[in-house]
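Here chain A shows up in two complexes: once beside chain B, once beside chain C.
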Partner chain A sequence: MTAAFDLNDPATFPSRRTEAWKYSDVRRYMRDAPPPSPPGRVEGGGPFYDLGGDGLVFVNGRAVGADAYVAFGDHTLRLRFVSDASRTGHTATARISARPGSTLLLLESHEGHGVAYAAHNRLSIDVPSGAAVHRIVLTDEPADSLSITQAEVTVGEGAVYHQTLIATGGRLQRLETQVHHAGHGADVRLDGLYRLTDSRHVDLTSVVTHAGPDGLTSQLAKGVVTDTARGVFQGRIVVERGADGTDARMGHHALILSDRGEVDAKPELIIYADDVQCAHGNTVGALDETALFYMQQRGLSAEEARALLTEAFLMEVVDRIDHEGAREEVRAWLTERS
Partner chain B sequence: MVAVKETVDAVAELERYKYGFTSDIEQDFAPKGLNADIVRFISEKKGEPEWMLEWRLAAYERWLAMEEPTWASVRYEPVDYQDLYYYAAPKKKEGPKSLDEVDPELLAVYEKLGIPLKEQEVLAGVQGAPKVAVDAVFDSVSVVTTFKKELEKAGVIFMPISEALREHPELVRQYLGSVVPVSDNYFAALNSAVFSDGSFVYIPPGVRCPMELSTYFRINASQTGQFERTLIIADKGSYVSYLEGCTAPMRDENQLHAAVVEIVALEDAEVKYSTVQNWYPGDAEGKGGIYNFVTKRADCRGDRSKVSWTQVETGSAVTWKYPSCILKGEDSSGEFYSIAITNGHQQADTGTKMIHLGKNSKSRIIAKAVSAGKSDSTYRGLVSVHPKATGVRNFTQCDSLLIGKDCGSHTIPYIEAKNGSAQLEHEATTTRLSDDQLFYAQQRGLSEEEAVALLVNGFVRDVMQKLPMEFAVEAQKLVAISLEGSVG
Partner chain C sequence: MLSISNLHVAVGDTPILKGLTLDVPAGEVHAIMGPNGAGKSTLGYALSGRPGYEGTEGAVTWRGEDLLDLDPAERAAKGVFLSFQYPIEIPGVPALTFVRTALNAQKRARGEEEVSAPEFLKAVKAASKALKMDFDMLKRPLNVGFSGGEKKRMEILQMALLEPSLLILDETDSGLDIDALRIVAEGVNALRGPERSMLVITHYQRLLDYIKPDKVHVLAAGKIVASGGPELAHQLEAEGYDRYVGEAA
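Up next is the complex of A and B:
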């Protein structure tokens, strides 16, 4: 597949024969373009309502008001992608940018109601020199939804871009982030967390391209799958020729808590510069038996011990969220659903 | 420090590719190109049974229907399969049993091959020569097989596969293509159709092979693709260590090398397969050099069986291979130790696949890649755990070292876990040669190149230690030679 994914053009639907979509076979679930979604309704203020700030809302692909946002000071933006559709499809396109020197807290939520819809969200985020964007994404979509979010992020010299994805999956849910990293002190963090039950599927895919020297990328993804759920992590860090002094670290750690859960991981390093420090680590396994035993010795039930260990495992990602308010909101959101 | 001295000597001595020579022994050629008649010609030349010819023709049919794969991160001039010779045999007298009967030119080639070819002495029947059995493949036909007697005593069968087809057709028929099916991939299908020769090893139940078995491959005739086929069967409770080493003469045309190696390990059997690959990598401009597109796979069929791949890849213009293990047996284990060194315009896309199908199967992968000059090196590997394979354990470590601004190094691991009891770990690092260490070594009186050779040998040490003694010394020299001219 060379053309970009387009819900209206079945020829662009990738299958598992497409290397970048190897573990997320769209064609398996959708062969034809779905009928377009009708207009929908928004209810409530979304999971980040309490944190205030401005709102940018899309319902069934349609912008309620503006479809773009420019931050020029210290701002909070709640970006909501609401799907309220049944067996139809919609595409939303949003543009977010921050002026140099500004700081944006981007709180993104994917809220789904309805049945078996297909949602495609395209997002471009521009973080110029001296700006900082913190993006936090929560997904809460039905188990039979197909949802693909593709974010293109341009990070200028000396800029800061931190993102944390909290994914709960769908029939096929893919959160893709492409980062163009200019280096020169720019600091990128791409964290992610998935917790999946039943037969849900999530795919966290990222590509970071270091084009300039002295860039920093740090990535930590953690996931827990149960039942027959499937977690996918594909992370690629590219260091182009001349991007010396790059420091890139990637980690993906997953727990499979059932006999039939599945985790597929592909952490790639593509390096064309020699003065670099790059590393990735990847582990897949079950909960530590000795830790479980220890906790049961201290009077916890097996169930409690497992829950506690799982939470501790995942919360490492949440703890890395810089913004305190958002961090606690996410923690509460996750605890409520465990 | 002896090893260091040797490394230093080797660097000084080998300014250019030492094995770039061509010997003129008369060759018996099949006409250029590939069609069903050529396949029949090869089969007839080798006096193969009817079923073998059919097998080859079926493979050829499959090959015609396949497309050449392009997914590897290597670039090379497309191969014109109709512009190659598919059969070339040195003209030989009836079964050269003694050295007198062997073409003196051939002996001269052995001599030039130098390295730990102690086998030369073995060939010459020198007293006290080490017990390494050789099945030397000179272009396509095995010329001489030594130590047959001693091996026979142990019940070990070690012979050219063409001979095995005549003497042990039932064994060959049972196992050939059972690990790498004819239609497995483009190059395996091509090999199945036209393979000329290779080694056949059978170790009977409970036998520990009394010596290391070794094959020296050599591509000689101009524009001759070489398609070896190696089949190793380790029966229940047996053990064998197999060595494969390669050099090839200097050539302008790119030469294709598409071998297939199949290993079958039954219950409690252990196979250790070591490779040192030092084929011609092309000249300073990246012209010429060997295309090394090899399919190597081991099938750990029996419970508690074990296969260990060790490879030192320093040669070839393009290397594209993934020695793999299918871990079917319970408690079976697979190991992969690799050193890939690329310099100049070389490209390597190599790694392994560990397919865990059996309960409590284990695997271990240690891959070290060193890239210098304008070369590109990729580690590509798969660790996959089947839903029913409980208790699986894998550890993978990939380290890359970059020397110079124009090279590239890539790590592409695939991890697929389909049940909750597997424990998989993967770690990878990419760094450059440490300035501090280089400075330190130079302060102690080493030249820059010596320091690089020393540090790189330290970097690859974990894998080097897995090599049999016969190879370790040669491999250490190769590391230094391969990196020649990469600094300064």
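Up next is the complex of A and C:
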């Protein structure tokens, strides 16, 4: 990757000529630094309000209160990135860490109102040895928004980091996750799903670097695109020299339900160690016509059959969310919007 | 009554049914037998409205209504049920959810009240018991990981719950051992009634020992080439289809 993306410095805006951004051309939509967003307003408690816990809220990049959080014991944190802006840009920076022995349920939401804003969220997450962090991200932003979220995650020996991204896109929405994986039994899961309509674009990009032996990474991403929407999945797993015994599995599966929808997938396994188990699978297809006919033959309308098959396809990702309350909240959120 | 007259169906550019004419009165069970490639499965698909199997000529009416203009879901709501030779696996959709969704979709289409969850569960428990099916299996995704026999029982269970009036059974005996065949046949026989018509499509006579037809028709090269009583099935079993294949060509 070239110089880190910075909303205030157009020289850092990547174009499709930048390999890591080739499917998400920021320059196509933004050539100059946007004017800074004024203070905005926050309404309600966000999509995870019912699950309680502590709150960390950013509105137009500004922290409402603290901008960092440390979990001791067993905690739930609702991390909200709220955009309330028109044709302006803002950057939020949040630091999250969990103490050894603690478990953090990190419920992150990207909530947007307004017109054609640009939002950049930078997140560092520290999961030391003996800690567990479960991160669930929901995005709900306008179709003309540009939003880039970059999370740097450090996972210590024997730690647990599980994340599930639920993305609905924007003009260009990128959710990027960089994981430094120390191995020694550390368990990383990087799941995601996207459901895109109209001309929305989502980019799920992740890089996991296995630096120590005996680490586990499991990744399942699924997506459905309709109309002229575009889904991008880039998953890279690097197994460094000496990271023997690594077990890494990556899967990305997408459905395209229209003639002009598009999905671009780039799975990469880069292995410098011996004695590792790594696998990746990638499929892009359409709904099974025979299954659709079967369901209609039993009385479901074509739309009902399509909706049921699509939901079933995506729910495999939701079913993998460990926390029951969060799982049900996400399921309800998706069902409400289907 | 089901009335098919001069039905022509082409799949792609290949004509499969070439002027098929057949009447099945209410309350009767008719068997369609024929060699491989005669058009037996095509007939089932054409009657149930599978895309790509549209009639190019001729007419099909069910209880006096034209079927060919209706989409598959509309036909289902009119009582048409096709039991698939190879039932489809639907990952992620529990069998119970699927059947209840289908039943309520049909009821809505007919302007009837939807079935409540307790009523539905009661009906499912009774029907699954009759078919010797494990109730817990119905909580699993439809047909996923089911054996061939379990899938066929699942088809009959759906039939029992959806209560169709025109039943089309496509090679229901394929892949069944003799015990499973008996259970499935009993399930079908339980649905026989004065208002129901059944079309039993089969290659072998074996199934007809269990589901006794009123009439047997031979389908060869896209047409009904012979019709008779149950004895015709035995004759076919003994002599094979060679005679009819030659005749039709």
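The rule is short, and it goes like this: the second predicted complex is superposed on the first by the 337 of 338 C-alpha atoms of A that agree within 3 Å, B and C clash if a C-alpha of one lies under 4 Å from a C-alpha of the other, contacts with A are read in each partner's own complex, and residues count from 1 in each chain.
Here, contacts are C-beta pairs under 8 Å (C-beta built on N, C-alpha and C of every residue); 3 or more make two chains touch, one makes a residue touch a chain.
It should be emphasised that the depicted structure is a prediction, and the values quoted were computed from it without experimental measurement.
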Quick one: on chain A, after the overlay, do chain B and chain C clash, or do they fit? Just give me the call.
fit
Applying the document's definition of touch, where does A:L269 land relative to chain B and chain C: first, second, both, or neither?
first
What angle, rounded to a multiple of 10°, is defined by the Cα centres of chain B, chain A and chain C, with the middle one as vertex?
80
First (chain B), second (chain C), both or neither: which does A:G169 touch?
neither
Considering only touches as defined above, state whether A:G158 meets chain B (first), chain C (second), both or neither.
neither
Contact breadth on chain A, by residue count: chain C or chain B
B
For A:E289, is the partner it touches chain B (first), chain C (second), both, or none of the two (neither)?
second
Who does A:M315 touch here: chain B (first), chain C (second), both, or neither?
second
Would you sort A:R298 into first (chain B), second (chain C), both or neither based on which partner it touches?
second
Just the number, please: smallest Cα separation between chain B and chain C in the overlaid arrangement, in Å.
15
For the complex, give me every residue of chain B touching chain A.
71, 387, 390, 400, 402-432
For the complex, give me every residue of chain A touching chain B.
19, 241, 254, 256-286
Spell out the part of chain C that touches chain A in their complex, as residue ranges.
48-51, 71-73, 75-77, 80-82, 84, 87-93, 98-99, 101-103, 105-106, 109, 141, 158, 162
Within the complex, which stretch of chain A touches chain C?
288-291, 293-302, 304, 308-309, 311-313, 315-316
